[in-house]
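Below is a structure I'd like to ask you about.
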């Protein structure tokens, strides 16, 4: 599936097998998931312009598969390995990489954006961003490691203490995974907020309390739930909806923590004095997963069945049905997969 | 129950109701648990000498009850409140207290050691160490907040990451509670080690994998369980048995973390170069609970039924049967309570 | 000096000596500094409305003096002690206080806002917010511990690593103190930014590199100074000027840290996606000083002459000249003191 | 200089220029420093046996020089670069490397131990452990980055707060560098302890207070210096002398922190209960430098002249005088260099 021109849509084409460099591997794709970013690119909307896309491009960066060929300098990965792939390809040379922030490399490539993606039968990948799946993890689960890793990173950065009240804004696939992770790391109250009742229902099925700001006074309800703490200890902003910033900071207790993950399409208005300073708020923006710390955390939780990634999958399509798949991404859907 | 003389044993006597100061409260004791320290004092063994005991003394510092009287300067606590009590009474004036380390105050009083304890019908307590039990927590559970708080503090100081392998050395009541807490905060492999099969069985019932160093090569087993991590991420030493230091550091992966809680009766031998430096080990000694941070964490986990403190209780006695109770503390026992 | 009515100005009056409660002390004021908040209240501008002021009120909350009387329940403070006072009076009972966040207490009193202040000959203070000055620290320095403590807290929350590049936005008294502290804790590049050249000159005299956004392309200059880090490691926002948010996030390297201290008079516009998420920014709002951790850090730096608080003082007035003093606060001034 | 046999001494030989692999570089050595480990190997004493040495071996792992050849896969390093080299060569594949602990890699090579060292005219090095020296840093300083990096790592792991009292046990080159770093990152009291008065004099010249346990009651003196803190906030153990563990923990305040760096030749005796638990001590063992975080911290401090590495150099020899150099290492010496 190729994104050839800066306009809505994409095309399907038969291509030659990618040629790999000495430090790359070739992967037979077994499952590839549709990310919100893919949808932006597919539709070529205003958000797409924020990313350094080079067309023509094969979209798709959340996937798993079998290694079928390895470059001559590759160590530690073999033909036959079941793998998933990190989207952020660090250069390994810059200051960020040097101090352990390869996920925010100053000279980064991004799979499916400026490096060929995985909505295809075969995909190549730099060997140093290939992660071997533990035994017992399925290909479908493995194709969700990349987005679930965003949830994991958000949870890690939230520094949840035992007994915390955690609010999750946005119940798309990442939010739904975060809603499973929060109790798995010690939160005792998890409140999921969305305007989409289909997604709230999924969150509820995963054990979260749910609120819909179209119906509920969310600030009041979160304060009630959090009791004498006076608000949530942690808010994870995953929706990307600018409206949530109207009430987000009211959900927090004094000295509460916010992690922002969702990309917001337009600037929001912030009262620094009242919403940040007087409340003593900590805020952390998340881009990508720590390599490989985040992956190890996630992988262990999945392998131990402490979270169930498959529960967020609602649709599976062959690559040929890509138009239907992308159309579905706007409706009553969790995660949508392309499977062979 | 009074410890009057520096020799084994104690006596029971009818006493006048304690008179409270302006900043104290009077509590009707509903449940009081026997701590290892109480056993040391009862038997007056070599460990007792490490503590600043002033005789005659009422033993007992793990308890809960109802407030039946409050001093005239007391705010925030009322007659009828269901409460538990922190053993470490901070002075509030010293440098330690000033920087938030009241649990290790430089001029600390200790309930049941140099402040009257709670193996009695009524006990007084300084109001600033009284903690109100949340609704739904029983008196018996409340009387275990103090020792369970040691487990909670150990877990907090261990900085467990999602997916960690956690080893618990010693399956007494604190170890058994820690074995429940570790998975509740994200550990996916919990290995409980003890030489007492009765206690190992209790640990197993709480979901831990169990090893007995009398039968098992514990270092080898832990390495196997932890897979390519090469050892446990975290070891909690709760046994106080000097023998465990022979293998404790072999259980850890490089850069692993140790929390020591158990009081060891004799010095141990440590190879700093091999066991600490080359391995990059972090070690933290724990004394008491952070006031009230640790209590809040614990209290939330108990109230949310994420851990079950009652599962570590094996015996209940009236205070009159104190000799039988202390005799039992050496056998097949978890936690032993005095209940009215 | 009394603020009696919700309008510009104040009045001077002879009053009776304050009567102290059992847990309060009476202080003869030796030096009292004018804070920006005092100016807002004096002028009764829009910012004043953000604070829970109860009129009539004695303004002034940055001061030092001698204890001349202590309440009967006061321990650890004696007549004759040289002291400074924390503005944030924690209740000691709420959840925030319980977990060590007394500086952001849920039932807080604020000296000079809803508790009588110190633009007076004598002031009373709750004993638990009184801090004894170390030997060798002058009264004038002691009266600056409260605002300098804000700088100290900002520096502490910035988690400066050895060799960091630190940008300080706003060179008022707090900014000037922060400009001294940053190198004292390991920063090797300190860049002070302000539109006021008088203040920039003071910052330069304290060793900082200086930039004026009216003349300099600050983002470009900071990137140049920070070399291959690609931006500052830390930005301390102390100016409260809404305009700085136009470029603040451009000053940072990936995964950089921001501490906001300045109260901004109107909401700012924030591009969460680009300015926070993609950059991986950490942001922390600061309100008050950790009690007493921040004070101990500051006090030690001052006593060891690692920083010189007196260098930020530019004017001294008797209380009678209060109108001149407040008029001066808008001009070429650092810190303005009232001294007897 | 070649260590050919497991016995005291070494030999000097003319060798062929090392052949580099595709991912290696060739360096013309400009300065190489003698480490304590080199001395152990030279003498072939009991400590040498703790390390995985493969003979014959070129010793020497603290050095700087000019890159004169680069392998064909090397990126980011060019002929002519002035560089220093990290001793710990991480594999990049193991769990430790994956979570950012490459300095304690599970499949690590060590320069000068099981990878050829630098007591030679030319040395090869894997390109991913080559660090480019900033402008203005001399070759001699650059050859001390490796040992000074151990001091830097110790300082980083000590989490020094502004105003801390820091004790440094052992005033060899690493201790002397640490004695300069501690005040540079905020310590206001630095106490250097050694039994060697020559080294104490050097520490004194660097601004530290000094104590000699042969003359001084060090515990009493440190308590006096630290005032009401009741002991040092931080102790850095760099001496490796087993005797210091007799009093090390008495130097600390409650909840104090210890970093151990010195390799101790025999096990020490530790009273876990009294020395660790009741005191609430944190202890961290240090092996190697975080790659490259530690190097960046150090490099910035050196480039900004906040510390002076050259001040710890006392002797310079040509490689031919190696026997004299090693003899000197036992006497009145700081750091000993081999220079061409």
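To keep things simple, chains are lettered A, B, C and D as they appear, and every chain counts its residues starting from 1.
In this section, a residue touches a chain if its C-beta (ideal position, glycine included) is under 8 Å from a C-beta of that chain, and two chains touch if they have at least 3 such contacts.
Predicted model, so just to flag it, every value in this text is computed and none were measured.
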Of B-C and A-B, the pair joined by more C-beta contact pairs is A-B
Dup interface of C-D (contact pairs over half shared, numbering-based), picked from A-D, A-B or B-D, is A-B
Dist(centroid_CA(subunit A), centroid_CA(subunit B)) in Å evaluates to 40
Each of the following residues of subunit C touches two or more other chains, namely 95, 296
In their shared complex, subunit D is touched by residues of subunit A numbered 22, 73, 75-76, 92-93, 95, 98-100, 128, 290-293, 295-296
In the complex, subunit C touches subunit D at residues 152, 155-156, 161-164, 181, 184-186, 188-189, 296-301, 303-304, 306
The subunit A residues in contact with subunit C across the complex are 50, 94-96, 101, 103-106, 228-230, 237, 240, 245, 253-255, 260-265, 267-274, 276-287
